[in-house]
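Scrolling down, you'll hit the structures one after another.
Here chain A shows up in two complexes: once beside chain B, once beside chain C.
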Partner chain A sequence: MTTVNDNTSEYITNSSSSSAGLKSLITVIILICVCISGFISRLFSIIRFESVIHEFDPWFNYRSTVYMTDNGFYNFLNWFDDLAWYPLGRIVGGTVFPGLMVTSGTIHWFFHMINIPIHIREICVFLAPVFSGLTALATYLLTKELWSKRAGLFAAAFIAIAPGYSSRSVAGSYDNEAIAIFALIFTYYLWIRSIKTGSIFWSSCTALSYFYMVSAWGGYVFIINLIPVHVGFLLLLGRYSLRLYVSYSIFYILGLILSMQIPFVGFQPVRTSEHMIAAGIFILLQAYTFFDYLYNKLRYVRNIETIFFNLSIIISIIVFAIVVLLTYTGYIAPWSGRFYSLWDTSYAAKHIPIIISVSEHQPTTWTSFFFDLHLLICLYPVGAWFCVKDLNDERVFILLYAVFASYFAGVMIRLMLTLTPCVCILAAIALSKTLDYYADAESSEMVSNYDDSVSICDEVENDENNQYLDNNAQNIDETDDNDDDQNFLTSNIKIIVVTCIAMMLLLFIVHCTWITATAYSSPSIVLVSYNSDGTRAIVDDYREAYYWLRQNTPEKARIMSWWDYGYQIAGMSNRTVLVDNNTWNNSHIALVGKAMASNETEAYKIMTMLDVDYILVIFGGVIGFSGDDINKFLWMVRIAEGEHPKDIKENNYFNDNKEYRVDKSGSPILFNCLMYKLCYYRFGELYTDSAQPSGFDRTRSVEIGHKNFDLEHVEEAYTSANWIVRIYRVKKLSNRFQAKDALEKLTSSLSEESFEKNDGKGVILNKPHVKKGTKKSMRRT
Partner chain B sequence: MKQFIWLFFICICTLPNVLSKEDVLSEKIQQLTDWSLKKPIIRLNSERFKHYVKTAPRNYSMIIMLTALSPSRSCGICKQAQDEFQIVAQSYRYSSAFTNKLFFAMVDFDDGQDVFQYLKLNSAPVFIHFPPKMKPKKNDFMDISRSGFSAEAQAKWIHDRADVHIHVFRPPNYSGFLLVVLLVTMIGGLLYIKRNSLEFLYNPVVWGMFIILAILICISGQIWNSIRGSPFLHRNPQTGQIGLFSGSSGYQFIAETYVVFALYILFHINEFFFRKIKYINFLFYLP
Partner chain C sequence: LFDLIIKRVKTMEGLYRLPFNVVQCPNLKLKKPSWIRKPSNTMVLFGLLVSYFLVTAGVIYDIIVEPPSVGSTTDEYGHHKPVAFMAWRINGQYIMEGLAAAFMFTLGGLGFILLDQTNKPNMPRLNRVLMILCSFIFILVAYCATKIFIRIKMPSYLT
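The block that comes next holds the complex of A and B.
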């Protein structure tokens, strides 16, 4: 409950002085409290489990960070990873966003420079919570630019604890998103700053921050599309200014050059459709500025306005046509599959099963929105409305951000992450504007101390507004509004309303803490189960098995598993894997899927072709763990079917009622495929439940249909305590089948013939028997 | 010598037989090709079915749709299935893969009830592949309950069964395009008529409404509906009770999203027009 206390401390501040210094002191204190609460609320996983790297992708990031700190940055860029994608390998330096590794490497270097010998793992584990604090600060700055300081404080507090963001930034989830959201928000802040001031300094800063974002996450495409769209809309709305021209031109050119320095991005910014909006808007802006200049010089010419208007339309059409033409001729790559599936939502389902097989690429239900954002999602449209009512250049930006991010979050649940900051900002605006009416200075002495703190912020904001000349008019409007309302509002209503809002905020805090603690803080390599008396039991099968692999297999052993576990095996066992979570080669994955879905003989052919030494499967039937390979199996079949439609057919794995079942009604092809056999080998002898027969699968709650089978080409090597991880050794090629036969023949021939006729002589195996015939002529005679 | 004469005799006897068999076959293929060229889907009745599909000399595959198109049968999906089948047959007919090894045909229930009896069918539509020289096996019946009967699914199934790859070419759907053109011209016309008073374009309230609507559509899960196509409501078959909300967190009904949508709008209205009674929105709060 630490977070609750920390967050309420924003509202409970006791002071009555109104000097500017004190206000900024309070602001700083609140921001520090926000950062600390954001940090602390992400530590549940460490307190419950231990300081470990979570899930799948973070393991790869961790492994490459360790490699970078050991071997230096340049060796990291040239690193060819031979543990992944056997036999292809992976050029890591050219296929990774290095921002995350460089960030933690720099921190590591800094700590060692001042003689604090901290292990790199601790830095990796705590990087995300630390950056969430920075994100809160960046959100404060952005909201301050968009609306007011008070709304900024609210937004910072919201983003620090919102589950939509903490889902990706708990301690241990060492992933690109952990630092990318900070970079995203900070870039937006600098962009707003630069179009407000029109200074080269700020737009260069924007480009630098954009560079950091490009180095950190593939989601930088969102920035390089949103900022040009913003510029385009400002042009449409007739809000063109020289400030806009300066900031966008500098940002685009610098950002373009900088982003091409990342090896993974390379020439994409000039060669792919995703970046073409930015280029088009850049050309359009240059043309617009040119005509604007001419217009100012040639004002005396009649009808000049219509000429320019037509010219700019023609130019935009020409730019569009050129881009389309270049795309058709192949100079510009069309939209890549993942991006295309955002627009045409049925595209991925038809063409790329591997994209939709990932659960975070599913569309989002309204419950997920509410679950992740709670109160904020209700306040969010309200904030957008207030922005529309009081439109200026930067509010156009946040509105565009809101519309696009909402759409993307609706299509793909993973992009909820980019929506969350926007929701926090707009909800903060709505809340602070609402409180303007109910918690103003006059009533502050009557109401509780919640109200008190808010009123202080109010004053802070009013003072601040007076310093900004352009905000003055708006400020006067607000005070006028306030005066009108005050006639209607009695102090009692004010107290009730403010208390209600405070209660709602408290419930929001409770909700956020609860969600972060229960839903988003499990490392997924260490599972937890609850006994009947409520005590917790740690299920540590994964690490147990991976450590077994590390200790008991030859160093060059090649492990076949489904791609989910590739990074973990490489990271924890240090062994070669065939496929991993970087799913760049669909046909290789399909080959592994085919091996899993074929019968043992067929699979053995594939496995010897791929030099597999060990097979690893995840099986949850003993303790009822639902994320196991049997439940994922249909995806393996589908992906394999996509590449090998002749050999693998999804229908064969369903029973007669078109159901996928492992009990007696299951299909015989399923019972004989490698995956089934590896998962259920010797399972038929096991009693998992006292009330059930042997071989009862607790995940699927059925008794399995095929028990007591033997394995021919593989043998069991290791099974973890709860059977979650099962490892099998692939046998070497056996002797020729003839030999067994031949031995029998040998013994039989020894017993029958040799002792009688050929005393002591050797026998030739498979010696051709010659039937002795007689000549006809001899018979006649 | 005697044997030789015998052989000659046998030859003489069988020759017309063979000839006639080949004749029948080539005549059948010729006839089917002619029909196919005229119309991509050949309409069969009982006699024709018997002659071209059931009886022996046949070295070509047939894809046959058994259906009931007459309005009196009131088969709703038969019409859709017929359209999709038509697309596949058309794509095949005008593609380079067109040979006389594969023909598309259909049997209407009213033309050939015997066929339905012969194949022991009691539902429509059914797609069957008749492989050359053999009777259809279990897999030759297309499983439309599982894969659907869209043209793409049919092409995939045909590719599986008959090893003919058909690239489905749908006639482009102009209705969407026309709608857009109509809308654009309407808006353009409206703007042109009201060209003297274009202030409403600069009215932030209208644009604000659009933006709020877009946001609400997204966050109330309408995108999920359009991608997944969930039912509008859930009716419990036993009790007849209507379930508005789905029980699981990974699923939703369309009606449910409208309710949420309406709630958000209520909250919104509440926020602006009744600012004075602000605490109403407390009622909305869902723990």
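The block that comes next holds the complex of A and C.
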């Protein structure tokens, strides 16, 4: 593990082999502790509740994994899911990233093969904490390549507990990011390694790891754009070398072919703008290498450098123009909405309201930065500065990563996740360089030699180092006379500095653990409230209602709900849903939104057209739960308005003061819409608070305006214990529709008065009226 | 003509020289513009800190959501009092509070950079002591201020 240089062989005493062994032992122990701590700090929700899959998206992943373990891999790839998006269905094999399911399936198969029968649910729940340990190892390897092993250990410790990463990888959060961050950092480590060595082996390994990343997450676009940008910057900075050419060419070609093996990705790498930067840089690199080869052959020609430099620029302009032309003519698809909204942040608000309605896609505030990164925020620019000072090929990479990740994290809260590894690495570099000087109690002013010999020997602890460096320091440090008291002063200051840094790191650990425990460990499917004496009240309404659905509805029943709950309903109740979290069909979602926002008759027409049997709404007014459908209702209206602007207008649901309220001042259209009626049916008779009148909504803190109404086309099927989930059954049409006043209408149109009004002519109901056209000459005036 | 070519092209080198028998290199005077220079280290550090300041202040959030600069509450006498921090909302901020927090973060970063600058060789003792003192003060101030900000914003922090 230690790369001993020839220069330092004189300093190595006989105890070197045992101390080298000691160093690797300490490294291994520290890394094991880091993995264990990362695993344990993510287990809060398991300890508090039970091992259950959290949130919304993981339920779909879990259901797919169960399907795969039951039916085999090829049936999973060809699976057409008819339980979702009724009546359209969903081609799961072609619209999902299979890496997560394949990983859990492999682990499951392996354990069953050695006769440890673990249930697939346990594997899915604990997959993310296990992979966080692997991520820490990958970060250690990456930072070791970038700086030194000591910085690597710091980086591994930071990423194991950093809240920015653990928020998306707690136990139970069975989502793509759990394995994708590991694949990301590991691919970057292999890329840096292949740039440093220029060997075909490492480049092929990078391509294989990139293949794993493509199978795991849609964020692989980040890799396939960052690596070409890195290559481009190296060319710009004049750091071209044959290693760069070999590594990028092999990585690009192999990575391209491998990434197209995933059915979901298909031919996108050659047909969409997101992958064009990689292709363009590839062509540019071939041209640059060709010019470099010619340059080596034609040195004697005058001005050959400027000619080739300008030729490279011309080639890049030509490639760019070709790409633009192909995009313009339609052969290459333009940037998709998800990625385009990162550049033009107002695009999603105007055109795709679904993207902006997700709370994770909002821009980031300073509190998110602080909560997710704490101490590392201060160390992050310091580490970047240190990398700028000693620039080499791989540090250009980490700087580019830092710049782009910072910008993206500022745009979207969800992308704080991609920023966290970069922050951990740079903060570790900063801390390591600082402690390199201050944690060593011996040397005072000979900093540069110290740094060289330490980096050559690759120490872990400084104590064993002293016996070698005593020789080094004493040989050089000979002439300072007032050294003694200066040494004393400096060594005191060093101890103070090291103590302060240790205290800050302790505070960092406290913060990380507290944040993970309180903010990021809630399973969302089980809610907790704490009474005034500290006892817990667990609200398990979701699971109660979904299980009722599973046991009391026919197997082919169709459930209509807002898309947030689609995956959970399909996963826990095993029933057909209309729309779910995949949100691939905006028009279908808009139909559901229109049904929720229209009055009962209109909604009934839509529901019969869509063949709906049950409706499920979430209502938080009884216990004060603020994530319910009434709070989300405006988003339903906006999405419906996007597709049906004539029928649904958002302003109709505001009162006269342009406010969205459900009390007496609310708008009548709001009171008559299906969502209001379903949520507040029979709520007017309920007393939620003894001090308030009946029908007091505790979430909005108002008394509702419209009580005591009846439902015409639906009937209540089930309401959970705290009224959070309310399920209604859609009634079939009665045998004959009675218009209430049909007879009066008919007789009034045939009565004497109307007869007289029409000049004695009879009247035909619904007669079309003919409008006489005007002559052309008259129209011109 | 073919024999001429074969005669001249005795080696691969000759093949490369072949076009230059027909075409003459133009006497171009192309130069990289002199104002494109690699930026100095201080400029890079300055740019880094400024961009970092803007990003962590949540400037992108300010541009998109356009919150007010400070909030306001009315007390019991009807006077409007400014509110610096939007309390209890992690995903909302006022412009001033974002800038203040980002300033604290940058101050902490500067403190650590100074801490590293102190160990350059051949520095007078006064400078060294002053620099270490400065960096201590920066880091402490940054930490305490950030702690106070978070306590104002979320009173249940670390309880």
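Observations, loosely collected:
Here is the rule we go by: the second predicted complex is superposed on the first by the 671 of 781 C-alpha atoms of A that agree within 3 Å, B and C clash if a C-alpha of one lies under 4 Å from a C-alpha of the other, contacts with A are read in each partner's own complex, and residues count from 1 in each chain.
What we mean here is this: a contact is a pair of C-beta atoms (placed from the backbone, for glycine too) under 8 Å apart; a residue touches a chain by one contact, two chains touch by 3 or more.
Computed from a predicted structure; not experimentally measured.
After superposition onto chain A, the modelled positions of chain B and chain C overlap sterically. In the superposition on chain A, A:263 makes contact with neither chain B nor chain C. By the touch criterion defined above, A:658 reaches chain B but does not reach chain C.
When the two complexes are overlaid on their common chain A, residue A:645 makes contact with chain B while staying clear of chain C. In the superposition on chain A, contact of A:514 is made with chain C only, not with chain B.
In the superposition on chain A, contact of A:306 is made with chain C only, not with chain B. In the superposition on chain A, contact is made by A:368 with both chain B and chain C. Of the two partner chains, both chain B and chain C are touched by A:388.
Look at A:504: by the touch rule set out above, it reaches both chain B and chain C.
Overlaid on A, the two complexes show chain B and chain C touching the same residues of chain A, namely 345-346, 363-371, 377-378, 380-382, 384-385, 388-389, 403, 406-407, 409-411, 430, 434, 437-438, 493, 497, 500, 504. Of all residues in chain B, those touching chain A in their complex are 143, 145-146, 152, 159-160, 204-205, 207-208, 211-212, 214-216, 218-224, 226-228, 249-252, 256-257, 260, 264, 267-268, 271-272, 275-276, 278-279, 281-282, 284-287.
Residues 294, 297-298, 301-303, 306-307, 309-310, 345-346, 349, 359, 362-371, 377-382, 384-386, 388-389, 403, 406-407, 409-411, 413, 430, 433-434, 437-438, 445-448, 486, 493, 497, 500, 504, 510-511, 514 of chain A touch chain C in their complex.
Interface residues of chain A facing chain B in the complex, by the touch rule stated above, are 345-346, 350, 363-371, 375, 377-378, 380-382, 384-385, 388-389, 391, 399, 402-403, 406-407, 409-411, 430, 434, 437-438, 485, 488-489, 493, 496-497, 500, 503-504, 507, 645, 649, 651, 658. Chain C meets chain A in the complex at residues 13, 16, 20, 25, 28, 30-32, 41, 44-45, 48-49, 51-52, 55-61, 63-65, 90-93, 97-98, 101-102, 105-106, 108-109, 111-113, 115-116, 119-122, 125, 132, 136, 139, 142-143, 146, 150, 153-154, 158.
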